[in-house]
Amino acid sequence: ALFEQLKSKIEEDASVRKELDQIIDELNQHVSFTQGILSRVHSTPRSKYAPWLAQVEDGIKKEVETVGKLASFASQYPYYKYNHKWTRTLQDAISTALLCAWLGGLSESTKPGDVGRLLTLEDVGAIFSVPVNLKDRDAFHITIEEYLLGLISVVDDLARLAVNSVTLGDNALAVQISSFIKDLHAGFQVLNLKNDILRKRVDSIKYAVKKVEDVVYDLSL
Amino acid sequence: TPMFERLRDELDEHHDRRERIVKLSRDITALSKKIIFSLQRVRKIEPQLPKNIQDEVDARLAEIAKLLAALAPEIQGLNRYRYSRSLMCLEELVEALTFAHYLKTQTLIRYEDLCATVEDLTRQGIAAVATSSEDQVMTDAADGPKQADATKPDPPATVSLTQDDYLYGIFDLTGEMMRFATTTLALTGVLAGSESSTSGDEPRTILQDMHDLGSFFEMLPVGGGSRFQWEKKLEVTRQSVQKVERLGYDWII
Amino acid sequence: ALFEQLKSKIEEDASVRKELDQIIDELNQHVSFTQGILSRVHSTPRSKYAPWLAQVEDGIKKEVETVGKLASFASQYPYYKYNHKWTRTLQDAISTALLCAWLGGLSESTKPGDVGRLLTLEDVGAIFSVPVNLKDRDAFHITIEEYLLGLISVVDDLARLAVNSVTLGDNALAVQISSFIKDLHAGFQVLNLKNDILRKRVDSIKYAVKKVEDVVYDLSL
Amino acid sequence: ALFEQLKSKIEEDASVRKELDQIIDELNQHVSFTQGILSRVHSTPRSKYAPWLAQVEDGIKKEVETVGKLASFASQYPYYKYNHKWTRTLQDAISTALLCAWLGGLSESTKPGDVGRLLTLEDVGAIFSVPVNLKDRDAFHITIEEYLLGLISVVDDLARLAVNSVTLGDNALAVQISSFIKDLHAGFQVLNLKNDILRKRVDSIKYAVKKVEDVVYDLSL
Amino acid sequence: ALFEQLKSKIEEDASVRKELDQIIDELNQHVSFTQGILSRVHSTPRSKYAPWLAQVEDGIKKEVETVGKLASFASQYPYYKYNHKWTRTLQDAISTALLCAWLGGLSESTKPGDVGRLLTLEDVGAIFSVPVNLKDRDAFHITIEEYLLGLISVVDDLARLAVNSVTLGDNALAVQISSFIKDLHAGFQVLNLKNDILRKRVDSIKYAVKKVEDVVYDLSL
Amino acid sequence: TPMFERLRDELDEHHDRRERIVKLSRDITALSKKIIFSLQRVRKIEPQLPKNIQDEVDARLAEIAKLLAALAPEIQGLNRYRYSRSLMCLEELVEALTFAHYLKTQTLIRYEDLCATVEDLTRQGIAAVATSSEDQVMTDAADGPKQADATKPDPPATVSLTQDDYLYGIFDLTGEMMRFATTTLALTGVLAGSESSTSGDEPRTILQDMHDLGSFFEMLPVGGGSRFQWEKKLEVTRQSVQKVERLGYDWII
């Protein structure tokens, strides 16, 4: 009896994992697709952002749908029991939204070409229609760590964009990216980081800062 | 940066809680190991542990109970699984409790029964802390505010065991059984087990119990999370079973 | 165009692998369960083999069903392209059948307690209803290597059983196992094995031989 | 009898492997030699490509001969049974052909110095006189994966060449390489790669892209 | 020119290695075969040694032929340049000769069943018709280390034989083996071993000593 | 055991010889490294090394010569390959000698020429030792009997380089060239190479030499013995080549 009971619990757990894998796999596909479109920013002049951002937003819409599916399924189980399975993919999804918004998308009020908007954790929660930083109940949500790790990925992409925007002749964009990355860097300094994954990733911001400083220096010559 | 300041506070709260948990966990682990150490001085399976050993075990359990009482409010709801990697102490506690149970009854305690035992322990700890807080007129209030808070809600929060705590604790139990079988055979010349007198059934040795536990794990599907971890534990269990097999063989020859 | 063509091809391959993984996973579960029951042999006296062998045979029946599923699915694709995915699990399945038969199971004609029957490669094929050692066409089959590797695992188990049968007071079984293992060892020595996986595993038979020799020695005193 | 039958089977297999090893070894030598000559591109100005490409083509000619030997020998056995033995070397051979053609070789119609020709999978098959992407029969062929992995190696080499062509004063070549690599990168992003060897290697294209972007950036200043 | 010269030397070296590999492979086969026959000693009563030893000697004769081939080929090159390639196999060949002689073979003067003859390094050289412990010229020979390592393998086999001879009822053989192994152990103690392979292998003699002591103790009860 | 005593003596002789070789090898390696260290202070490629550096190199070489003279008799015939794993010093020496040659001529010395150089050095060492033995009236005879013996046969034994010593030494040379290119560019602002004045040909930089050496190794079949070792060295060489490429690029930009 003990055996049967343990066995059926383990099997139940395995089937939950399998179901999660499928949803996460679907999310992964939408994220990869959206990242692919986003990567065109490096060869797209700002004047052509409008139609391209529309495509990115379509990709994000699909991500949002799948995150909804994930949230309602995962909320049936202890959140942190399975969180490690989707956290990487969710961070990537968050990154796509953050980058899209920074470049002028995901907003009624900004015009394409207006860049520099940083979504807050709450904004990201609203876009994906899920709670954030939950503490009072055990359900699906976006954690602070996930938001911050997503943000760090965006920094890498923007540093690269600073280089390419100079090549495209858009020096102003490079300068704006530089000041944004430096602000973020100052922000991250405020955190008390422990020896965890966040700390390791934050180090990469330093390289980004150095890179954009070099670009701005080159432009000043 | 105001945003970052707010996030910092949230993260700090999390890190502080984790540090408190890690500390409690370390203490519970150490006490559990001491219990196991005492239990390894037992020489035969019988319903009553020798008095001196039972006293040692009881004393350690009373300390563990207080630590569990302090731990309980930190790991409710969302936080039970959030900090599960800092809660290895629970496996160790399972190991100690199931080993004590085995030495008394030659049986494996059930998951539910063990959960009840641990909840009970937590409640005893809460009661003990409450009493001693009164006695000491809050002298240790400085580092105990959480404990004081935790006594207010009704019913008080208790520590729950996950199925993985139970299973991984049992894996480790097989190692203790192997050690017990080895020392008792060496010191008494007899393979541990039930007295043939107990009931009229055939006498049952620890070797059979090890075989049953071994087959139990062999037949279970791979449990929770890391397959690698599971396989490693299973392999250790296999070796323990085979060491006891060898004991049985050498005893017969 | 190049990449579009590739995309569909890669996705097809990925879905074949996924399907295979699921079938193999199912097979793995049946095999583990059957191995678990088989492990009880070490504490079961020969007089109680009958009901226990029935359980083992039930486990093997489930293995056979899943191997059937695997065979019909895998036969759609080049055999050696995916063979590495299931070969390990299939060897384990073969081991369970070999051990069960050796202990008196899987037969109309033997009585439980009659031990020592070695299934041939063809017998194993018949039990699992799949061809063996195919050369003329590219379809699912059991290879000679898989049979031999399965057999080697059985040797390890039997050497352990020799020890335990003495503990259970069944010296005759220990002696019979000893002579079986020594015959097999002589057989394997005929093969001129190169440095491959088979050779490494065959070395483990030497330890089994030593082990049973020691048991027979102890009994001879 | 079991073991006698096995013995001959195992010896046959061993002799096939030995024969394959020898052919692959020979191919490896031709490939290494050709790669060695190709590595001179990094210090050769475009005006001197003509005689140098002739040497590369001689090397490739020897590769083609040995691939022919390999194809006719390997086609006697199930393709995927031994494919793992030569796939790495064959990818390298494909790389040499792809790079040589991109630099203006392997063609009647291009003049040395005309760069940028990308051989398709079919072109590569034609050069090595073997079928590609076979599905209907079990014979030696070049797979899509082998072509793609070969292509990825070429990207690494070209990114390095972009740097060196600037040193040699040939900025136009650097710019052309940059746009070629970015196009390829976009192509690879279309593929929905699972966690296999291809995915890991594709990640290396990202570094190549960054590298050439930096070069074009430096030139733009 | 430098390049051509180095290349041809490397190629020459590669072809020497290839030729050596083939000869060593052949030797390996003869050694494996002879070891296989020798392993029957563990189930052969002493009264039946005569015909069996004849088979072993046939095996050794083939080893001797191949060692001759090896010696004349290898003597064309610096001895220690390639010695590592065959030393393992040669040690095994030496072991077969040592064990065969110890069991009464390889001699006109002993009767089968007369056991205990230890071949010296010089005897081994005479059997294989090659020099031993050469110092004055650079040619093929058997080194002291090879002889000693071969001897250590024999000890392992004899310790096992001590166990099995008891099972076969030949307690006298067990006792004789025990005293031989103890003598050898004392002999090895005389050597000043450095931290090399010899030292590691010598440790295994200790286990053999312990094993035969246990056997003799059991017999004394 | 008489047999074992005889074998012991033989093995001891071998171990003693190996120890002597290891000691000599360690000293030669250290001196070669010092030569390379001196050479890294050179700032341009020209037929004459700066006098102070040339003097340092000559002094070290004189010491090395004596050590080679002591080493030579130990590694004749059979023993050359027997102790080749204890003779890593020869690769180091090749590295030092080829580097000095490169800095003077911007060319790679040939294998035969280098063998001749090393044999010459050995003979110089033998002569020097003979002289100093006379001078010192055998004061160091205690630890020098082998050296004394070695001077008797005619012609005296010399140290021979294997092709592998040469090739692996050259592999390491590429690392030194990379370091040289890096420091000279940093300190003089010019990528090392021939002066455009030297002959009227186009000036040739160290980058081209590195490319040539890189392609040279890429085209060679895998040499002697361990493929793994070869691939590792080749990979390091590739990285050195690419570092110098980067230097060239940064210099142009």
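Which chain is which? They are A, B, C, D, E and F, in the order written, and residues in each are numbered from 1.
As a working rule, a contact is a pair of C-beta atoms (placed from the backbone, for glycine too) under 8 Å apart; a residue touches a chain by one contact, two chains touch by 3 or more.
Everything numeric here is computed off the predicted structure, so don't read it as measured data.
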item	value
Same-site or different-site touching of chain A by its copy chain D, using the half cut	different
Selected interface, D-F versus E-F, where C-beta contact pairs are more numerous	E-F
Separation of mean Cα positions, chain E and chain D [Å, integer]	48
CA centroid of chain A to CA centroid of chain F, Å	55
Geometric centre distance via CA averages, chain B-chain A, whole Å	41
Interface hub residues of chain B, defined as touching at least two other chains	216, 219-222
Chains grouped in pairs wherever the two touch, ordered by label	A-B, A-D, B-C, C-D, C-E, D-F, E-F
Footprint of chain F on chain D - complex, ascending	29, 32-33, 35-37, 39-40, 42-43, 160, 163-164, 166-167, 169, 218
Residue ranges of chain D touching chain A (in the complex, touch as defined)	182, 185-186, 189-190, 192, 210, 213-214, 216-217, 220-221
Chain F contact footprint on chain E (complex, rising order)	2-3, 5-7, 9-11, 13-14, 78-81, 83, 120-121, 133-135, 137-138, 144-145, 148, 183, 186-188, 190-192, 194
Sites on chain B touched by chain C in the complex	207-208, 211-212, 214-222, 242, 245-246, 248-249, 251-253
Residue ranges of chain F in contact with chain E within the complex	1, 3-5, 7-8, 10-12, 15, 77-82, 84, 108, 110-111, 163, 167, 216, 219-224
